[in-house]
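Per-chain residue numbering starts at 1, and chain names A, B, C and D are given in the order in which the chains are listed.
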Amino acid sequence: MFDKIINKNDFTSLIKDGMVIMVGGFLGCGTPETLIDLVLASGAKNLTLICNDTSFVDRGVGRLVAAKQAAKVITSHIGTNPETGKQMVEGTLNVELVPQGTLAERIRCAGAGLGGVLTPTGVGTVVEEGKQKITVDGHEYLLELPLRADLAIINGSSVDKAGNVVYNATTRNFNPLMAMAASVVVVEAEKLVEPGALMPELVMTPGPLVTHIFKSEKR
Amino acid sequence: MFDKIINKNDFTSLIKDGMVIMVGGFLGCGTPETLIDLVLASGAKNLTLICNDTSFVDRGVGRLVAAKQAAKVITSHIGTNPETGKQMVEGTLNVELVPQGTLAERIRCAGAGLGGVLTPTGVGTVVEEGKQKITVDGHEYLLELPLRADLAIINGSSVDKAGNVVYNATTRNFNPLMAMAASVVVVEAEKLVEPGALMPELVMTPGPLVTHIFKSEKR
Amino acid sequence: MIEDIELAKNIIAKRIAREFKNNQLVNLGIGLPTMVANHIPQGVNVILQSENGMIGMGPAPEPGKENPEVTNAGGAMVTILPHGCYFDSATSFALIRGKHVEYTVLGALEVDQEGSLASWIIPGKKVPGMGGAMDLVVGAKNVIVSTLHTERGKPKILKKCRLPLTARHVVNMIVTELGVFRVTPGGLALIEINKDTTIDEIRANTEADFIVSDNLKTMEV
Amino acid sequence: MIEDIELAKNIIAKRIAREFKNNQLVNLGIGLPTMVANHIPQGVNVILQSENGMIGMGPAPEPGKENPEVTNAGGAMVTILPHGCYFDSATSFALIRGKHVEYTVLGALEVDQEGSLASWIIPGKKVPGMGGAMDLVVGAKNVIVSTLHTERGKPKILKKCRLPLTARHVVNMIVTELGVFRVTPGGLALIEINKDTTIDEIRANTEADFIVSDNLKTMEV
């Protein structure tokens, strides 16, 4: 009835050079590793990656950086992946550093149809460069703008065939936010179940947000 | 260890004339009825109520309006409670109507330490009166400001003694948002359990947000 | 004219129900729009959103199976289908404002040829409030106004709304018992007509200017 | 001076741990701040927040009980205590930015007498990124900088930070192995001193101006 399950070829055909991809996860926890394998195998170039951090050279989204498939990364932390810093210094990778809470809100804005959000974070630092400052009630805020993507690849602990996603423990992180902010959303399902098998209060990503479901091949 | 459970007298002593109170619920679903009983019994006057709707004259927050305890209501809908409209026409009740999604975001802003949010909702209507308009990417938005309260009274289906709250089904509505946006937060616990009894992924309101827990006397 | 109001409402509900495709997320307003759910064609799986906090809303519960914790945006007890889930009001309106809802169907006090609508206040007379309507019409991908063509003999489709607006330039389609209009950049176009009326009768009961589509069809209901 | 760096770090961690009261929500940064968790006095129930999405963070799991789905903000596997729960990054930073976290404890490359700190970039040399630090120091009710008093003999507490800031005017307290400073509207005040040092030694190793509190106490560690 829902017809959302795709195979490797279907997923690979979604990947294009130069596209903007959001990747769920926090230092590799809650990252769709099989989908990253497939982006690697696709050889797509000049990607813009939006992700909390660039993980490690051999894990999560960090592998795409290490494989030099990204032209730009929008992220809050690159310290755990020496490749990111190296390519940045060499001038082959454009790195836009965004405070983590601001990154979350900017992605949420895009998903929630909001035009932007005022945050106190970054006022008085280099983060305010080029941004509109708005004073409310005597306090200065930065206007931070929405961040959206062509494709979001997220990781679901349990996914039903209608696309509802449950995230275990700290695998949640950016996954439910990204699932709202991209034109196409693919969830890597660690466990795939029938509709009705998930407790409806536990679902963090409602099914209609998920375009495609891919059954994980994680070990 | 957590020492959050209070009795009727403790709760009543929190209520003051003229205070701003957020009340969870949506047309009476997910409303802390026992706590409302106690606000009624306190006889507190000139309250400002922030609530999705003014429910019904004999149910939920609507009872406080019917008892003429409110001087102001900030809400999205008053159509189900004739008393609200009547007092508004008589000039004894100040009603600020806010689009429902904007109400949710304004409360969220206060709870999340954000200075405001840009929404397309209300542009070109009376809702834009007195508000700053900001254009982003050629689209007009209204700058909507945070909404906070002195006290939030919310309803929890299952609450542990650390204050973690689980909401069943559609009782969730504004409750978790309000639990972040008030100086004092009291949850009416329909079911009170020990810490560890709730699935940590099901908790929508983390314990530290809850100042006090009151055991419900709902029938 | 169709004098039987119940029949008229059923015509409208049936026609709107034919608009949806499989797996679309749809929000139905209170009153007439709610009736649309009863007419969704077999084999089309429409996912209903209720802005108080659920998707996958099912029909009213069987007697004895009511659960006061499962309600819709009108406060009525409903059920949840196996593909459904629950969320809070911020998430609900993130779904709505963020263009994740395919269709919103709602009534109107007035609707006009520019696609503006008024539905939440008659100053000095009736002020229910906007509820979620302002967000729904700004955020949904498609906005369908469902309305009887006239009220007490007066046209509801105007050149320009006179009541305070719910939103301006947001309506995509207007469905009445007499026909279906599309709001286009060039103005209102009548694209379907009920077999029991005529273009002249529609013109006589419509204040708005409209063109008749070259491709005018009979309203299938 | 205290030459033993491990001892110095333990002095700092122990002192900071004494700052917390029962049921307070606390975020501990990576490195030295994480050590604070090991020194929280018995009977004080501190609730640890980890900005990747949990409160009620417990210690590292016993061997064989590791769960890769339960990690902290440093990516290490941890456990959750009975009073804990999980949430997404937007909610996590809503807690942080919204003044719901009582204390954030973090390290610094530089901290100054105005309460500004620099902790995320050494231009041209090292650019880890700010991660959650900028939000934490702006949002937490109390910001404690935990730092060795000097690095390679150079003072870390400056008149004014020279590196790009994490935030300005946000630090409330600075704890080093030599003493405790409070940032007041009038400037830096030394409020506690380690029994193994002197005010002169602290002055010699601090670039910032500071006054000595009339009520100077011995650092209890």
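General observations
Everything below uses one rule, namely that a residue touches a chain if its C-beta (ideal position, glycine included) is under 8 Å from a C-beta of that chain, and two chains touch if they have at least 3 such contacts.
Fair warning: this is a prediction, and the values are worked out from it, not measured in the lab.
Fewest steps needed to get from chain A to chain C, stepping only to touching chains, is 1. The interface with the greater number of C-beta contacts, when B-D is set against A-D, is A-D. Chain centres here are Cα means. That of chain A falls 32 Å from that of chain B.
Centre-to-centre separation of chain B and chain D, using mean CA positions: 35 Å. For the pair chain A and chain D, the distance between C-alpha centroids works out to 29 Å.
Chain C and chain D have CA centres that are 55 Å apart. Multi-chain contact residues of chain A (touching two or more other chains) are listed as 105, 108, 112-114, 119-120, 167-169, 172, 200-201. Contacts with at least two other chains are made by residues 54, 80, 86-87, 90, 93, 96-97, 138-139 of chain D. Annotation, chain-chain contacts: A-B, A-C, A-D, B-C, B-D (touch as defined at the top).
Those residues of chain C that touch chain B in the complex are listed here as 50-54, 67-75, 80, 86-90, 92-93, 96-97, 116, 126-135, 138-139, 164-169. For chain B in complex with chain D, the residues that touch the partner chain are 1-3, 108, 110-114, 160, 162, 164, 180, 194-196, 198, 200-201, 203, 206-209. For chain A in complex with chain D, the residues that touch the partner chain are 26-30, 52-53, 75-80, 85, 88, 95, 97, 99-105, 107-108, 119-127, 157, 167-177, 204. Remark: chain A residues 105, 109, 112-120, 134, 136-137, 139, 141, 143, 145, 166-169, 172, 199-202 touch chain B in the complex. The touching residues of chain D, counted against chain B in their complex, run 22-23, 25, 45, 47, 54-56, 80-87, 90, 93-100, 138-139.
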